[in-house]
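Some structures are shown below for you to check.
In the two complexes that follow, chain A is the common piece, with chain B as its partner first and chain C second.
Take a look at the complex of A and B:
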């Protein structure tokens, strides 16, 4: 950004033509990158020809072209045909990276095709060292283009000569057999070569030197950020796409077709989320799991939010910063990073014997509450620390007590942060399977009649503990567990639901929907509060 | 301890005692009585609950009543006591977790003891041989195969999450224009929000069959792909912590470098990253901690056979991790086998706790070095 602002337009025509070469090389690398991804996930099968030319040959040809362009630009710059500002050396980091790439490339090639044994690794080490030297010793324009371009040429030549064809297989000499097949090696090798050459080409496009390095690094960093968003989008889109048919199985819209809620029949019937599993159902559903998840979240919030917010108030307002706050901080962060399955084990050992000896809803609630507690504490504490001290001083100057200041100044100002933190924390625990696996969950298919009804379940007894709620003390199910059970149920699934795969994907989709709506609300709330703060 | 240190500690203790005395004389006696009754009721409720007594409800009800009364009559002091109680209970939960899982794993430590130089070391045999068999004698509960699995998965996951995560953090904190950041940042958060069982499900139905086909393995489940999926799940942790570290580098340091005429990339490489290095490594450490503790994806995608892979570096086969061992076996386990699962839990818990404390120490040192408040 800073350097871009100072860039001038005084670029000679030759340089712009040479820049076009580098630009084309970047584009070629991008195309190769996309093609190799498509080949890896079998969108483009490598054994099929495109327009009469085998895909492997196309990849090999483009790789050769790309390698040639990169080397040509490097040599052109070195011989002074192109005006660039190269540094004296490409640097140790690049040299080490190229050294390792070449070591692996040659090591594999020699080991696979020449079978020289340990002598092969000596050759590989020698070539790797040479690549290191070629990168580090000459001027940057040679050092950063030559090894990358040559790698492209080598990989391209292997594909073009048919040394690695679509039928190529390398059986690894493992006791548990595994092989590297062409379907994997060709796309991955192309991907790696395209990345190397793309980086070198971007550097060349920037004219090497400080600007060139910036260009090369930014290409990789933008690519990485784009891939992360891409993977996220792909995951969400894929789950939605596969889950929607199952979700809308047997959907009906019309007056009075749905189940009645508070005496009013709903105008929509969506069996998947409104039914349990029963023999006579036309369509099976996951209602008990949804209700179970809702109660779990309510229970965990009721347990963790008062504790977490209370502790945050004590730590920020009452306690002096010192040994005690440090211990609590370490403990909180320790709790935050404790693996979820350990919470499950703890719930199993601690809560189950104390709540009737079997798996129960309340054990699940408390276990998830333990997990939610550090999240609530950390975010609430951050929100309270962010409240300016002037607020507290102004309130204290009015002569009110400390607690009144906390109640009427600190907590209200910190509330947006606390609420956002709680919502995001809830999103996290709502999708947890491991802790409730050991403490709460029972069968794979739960009939609609067993949907938990906590409010209606309370009853008073004559013996201690005087209040009982069988609903809280029963094993039940929740969405994440339901999905786990569906995965492990395997073959038996077909007896219960018409289309097991649709049912699984629909469950995954509903779970994702529930969890991500918490996230959407949390992130939305944060934006809302921040904008409100900025406008005031 | 030197003499001055002793004196300083004594002064500190005296000062605190004086503070407590002042506090006690300042407060109203009635309020003190209420708060005292409340505290006693709460402590006895906790003890009764620990003893698994159904009578725990009685002191708890008493606590609720006294707390309610205190709230109406002496709100300030009651609030202070209640918030203190919540703080104590946070630490208490961590202590309870430690105690309970360690206590549950004691029998297996005794069963699996081995003799070294004539001294019997409890639990040692779990690490010196690799046999896990709960059915046919000799019955052995070795942790070696699971530790191997966890190490494999964590190593691969770190190789994925560390470079990608740090690069994404750099992008978010230094490079991205505001509008792009507003899209990518919630995206990373949502990536953290996708439940692990959904990752596991997609891995199980899509990735595992694909990998088995690509690498022509017998059956499905490989450490390689579990590691990649777990790496994707640990990524958000690395990104958000590393981003905090990078943006805590004072703006004046960056501006000073830019004023020398460097590009922003040079500034990042030579100023921002070195200054934030310890924070970034803490981020990677926390990511490692997440990867070690990840359960469901590993449980669903691995084979669930507690054995070493052959050869050890064969990542195309995936047997069992410490986490998946617990999730796979809790159902039919009882007696010693259940205790062995707790031993796996102890290993996980202790490792991750050390990682957490280590990364906090690194972060604390970095904050002190930068002199800011982070």
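Take a look at the complex of A and C:
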């Protein structure tokens, strides 16, 4: 038998109570993690008490409980009270991590509260080294629980004793005056301590050894994934809650109160999305910007998708793979990473003189179309390369020509991939500000009467080209630009808006809604094409 | 003669192995080993066919005549050029940009490697079934109707339907006939609109055969059609091939010598270097091979 290897029992009993302790510790860590995230985003204000107890005290108490449980489990395992299968050591990586954590913790504590000067750093280094040794040298059950539990206890005690309270401010002695407030420090410290102790608790729950390490890794991965989803959700919720009051300003429900569409008066009046900005409006709105954004995206997609897909067909199906295709590939990748302001300048210098000399909707559409083009090309090319050659062979063996094969086999198989590319691209261009600032936007605020009406704008003329559309040549506005103008200047709203901040948030919220609806359309289209491909 | 052998030996690594395992000078290929006389008319005639992929000499002076309405098996070790040979018969090798083809292939006496050959017409007359089943990601019905629709033989488009000229009945007849001929109708007739990728591997391969039949070919080329299938599905495909030989000329590449012996009327053995070594009646090739190397190969001494 190898040295240090222990025989484990196939079925272990009597560990259920100890395991419950470790399990509770894992749950506590997860709760702490969620609470500290919520506190960080000010969903739970740390200065307010919950059920009469200050939030800081709750965090501190739970931290101490968690630290105590972790240490107790580790000691119990070391003394043989709990049946586990620990490795001889927790490992160098864990030791280095704990060493650094303790170095920083003690360094800050000594520097803030004891003011020992440079001697403080010697103390910190010493403690950090000790944490390294405690992690690396003893058996795993002590090595991974003691430093983590002790860190938890230390942080918890700091909170409980009030050494760091809600009013605490950490003045940083940098050249620029900067300070960290308790609102930031407390959640972050809790987050870190909860992660460490949660990891140790998960290892303990798995009984250390290989299974314990797996549990520890699971915990870190799940908390990571959970926090990413959580942050995304918080961001959406934040914008929504801030945006709703502005969006519903002056809302009226009742027969005939809304503007009439095709001769029928709508039963809802929502001034924010149905009005423009005008001096005499009771409530200001962003209708021209919404319509402008939608037409912008439609125009850019109509321009870029046929060109991009066509180029992709040429590159994958017709062009011999070689220098030319490689150059095109490098060029498209470069174009995709080109800053949007460069596209804007191109539109300003090239398109505007060619479309009537002034900023116009069509210049904006084409500029954004140019931006979208490389992504559509790249993703369509990838999607077509992924279509198996067997399909092309099968079609050729039936005597079907290349173009018909592309049309009826290659492109349908590649469509879901193409749509994915368009979705990604639309997400980018719909929120672009810089290019449309240079090519499309006229006045910051456009009255509702000047909302672009591309469909209604078509006119028949007596002379060729027989069809004209002055609406396309009109300067207009779009949501991201309007938001930018509102934030940087706050101009043009006059006194007709109760709260400019509400107006801004409502604009951001509507922009988010517009982009999300484009996503929804795209995802729906992709789902449709995939279904058609796979199930019929 | 021995000089040419040395040259081929120098070209590729596989020939070396052949020499070392047999441990003697490579036996010379004699013309008479490829003599095969048959009663019926010749469907495909091949003369001095050479194929190069870049510098690689994949086929070396192959000549043979394939009789009409029969099953011809092409066997040989991997990399011997039998698939290359097969793909020359409907000019699928044209799709490989590095391929260079010399020599002559005739279909019913007409040269297919000449200016002005209509590839669409050629591939309609000479169909092909591939090694791994490759139905399109469409419904079973669409898979069968694909070829005729693209050739304009069957028109069920929107315009045709509006003008009352839709060939829907003809399409249904075609789908049923092809699926019946491919022995698949009974298994799928209640789900013709299902995606073909939901079929089992053996069913997919029979669907590919049915799709191949849809354009009324005269010759069907099969490139190891059963190599990806289980024994039961393989048996079904073999039965099917024997039946097809009543109406079509079947040329089949296979790795499985028992399969070749079971289903084919004549067998051509390719050995390394892209050479056709022996061609003759299947019974004769398997029971009394004229070449020593072919005998070694068939009895499993190499390959």
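List of remarks:
The criterion applied here is as follows: the second predicted complex is superposed on the first by the 379 of 536 C-alpha atoms of A that agree within 3 Å, B and C clash if a C-alpha of one lies under 4 Å from a C-alpha of the other, contacts with A are read in each partner's own complex, and residues count from 1 in each chain.
The rule is simple: a residue touches a chain if its C-beta (ideal position, glycine included) is under 8 Å from a C-beta of that chain, and two chains touch if they have at least 3 such contacts.
Quantities reported herein were computed from a predicted structural model and do not represent experimental measurements.
In the superposition on chain A, contact is made by A:393 with chain C only, not with chain B. Applying the stated contact rule after C-alpha superposition, one finds that A:409 touches chain C and leaves chain B untouched. When both complexes are overlaid on chain A, the residue A:534 reaches chain C alone and has no touch with chain B.
When the two complexes are overlaid on their common chain A, residue A:401 makes contact with chain B and with chain C alike. Looking at the shared chain after the overlay, A:288 reaches neither chain B nor chain C. When the two complexes are overlaid on their common chain A, residue A:179 makes contact with chain B while staying clear of chain C.
When the two complexes are overlaid on their common chain A, residue A:315 makes contact with chain B while staying clear of chain C. Residue contacts after overlaying the shared chain place A:349 against chain B, while chain C stays out of touching range. Looking at the superposition, the partner that touches the larger set of chain A residues, chain B or chain C, turns out to be B. Contact with neither chain B nor chain C is seen for A:149 once the two complexes are overlaid on the shared chain. Once the two complexes are overlaid on chain A, the chain A residues touched by chain B in the first and by chain C in the second are 401, 404.
By the touch criterion given at the top, residues 90, 92, 95, 97, 119-124, 127-128, 130, 132, 134-139, 146-147, 150-151, 193-195, 197, 208, 211-212, 214-215 of chain C touch chain A in their complex. Taken in their complex, chain A has these residues touching chain C: 320, 388, 390-391, 393-401, 404, 408-409, 412-413, 533-536.
Of all the residues in chain A, the ones that touch chain B in their complex are 1-3, 169, 172, 174-181, 183-184, 210-211, 213-214, 217-218, 220-222, 224-225, 227-229, 231-232, 235-236, 238-239, 306-308, 310-311, 313-315, 317-319, 327-346, 348-350, 353-354, 370, 373-374, 377, 401-404, 406-407, 424, 427-428, 430-434, 437-438, 463-467, 480, 483-484, 487-488, 504, 508, 511-512, 515-516, 518-519, 523. By the touch criterion given at the top, residues 49, 52, 54-58, 75-76, 79-80, 82-87, 89-91, 93-94, 96-97, 100-101, 103-104, 164, 167-168, 170-172, 175-177, 180, 183-184, 186-198, 200-202, 204-205, 214-218, 232, 235, 258, 262-266, 286, 289-290, 292-296, 299-300, 309-311, 314, 316-317, 323, 326-327, 330, 341-342, 345, 348-349, 352-353, 355-357, 360 of chain B touch chain A in their complex.
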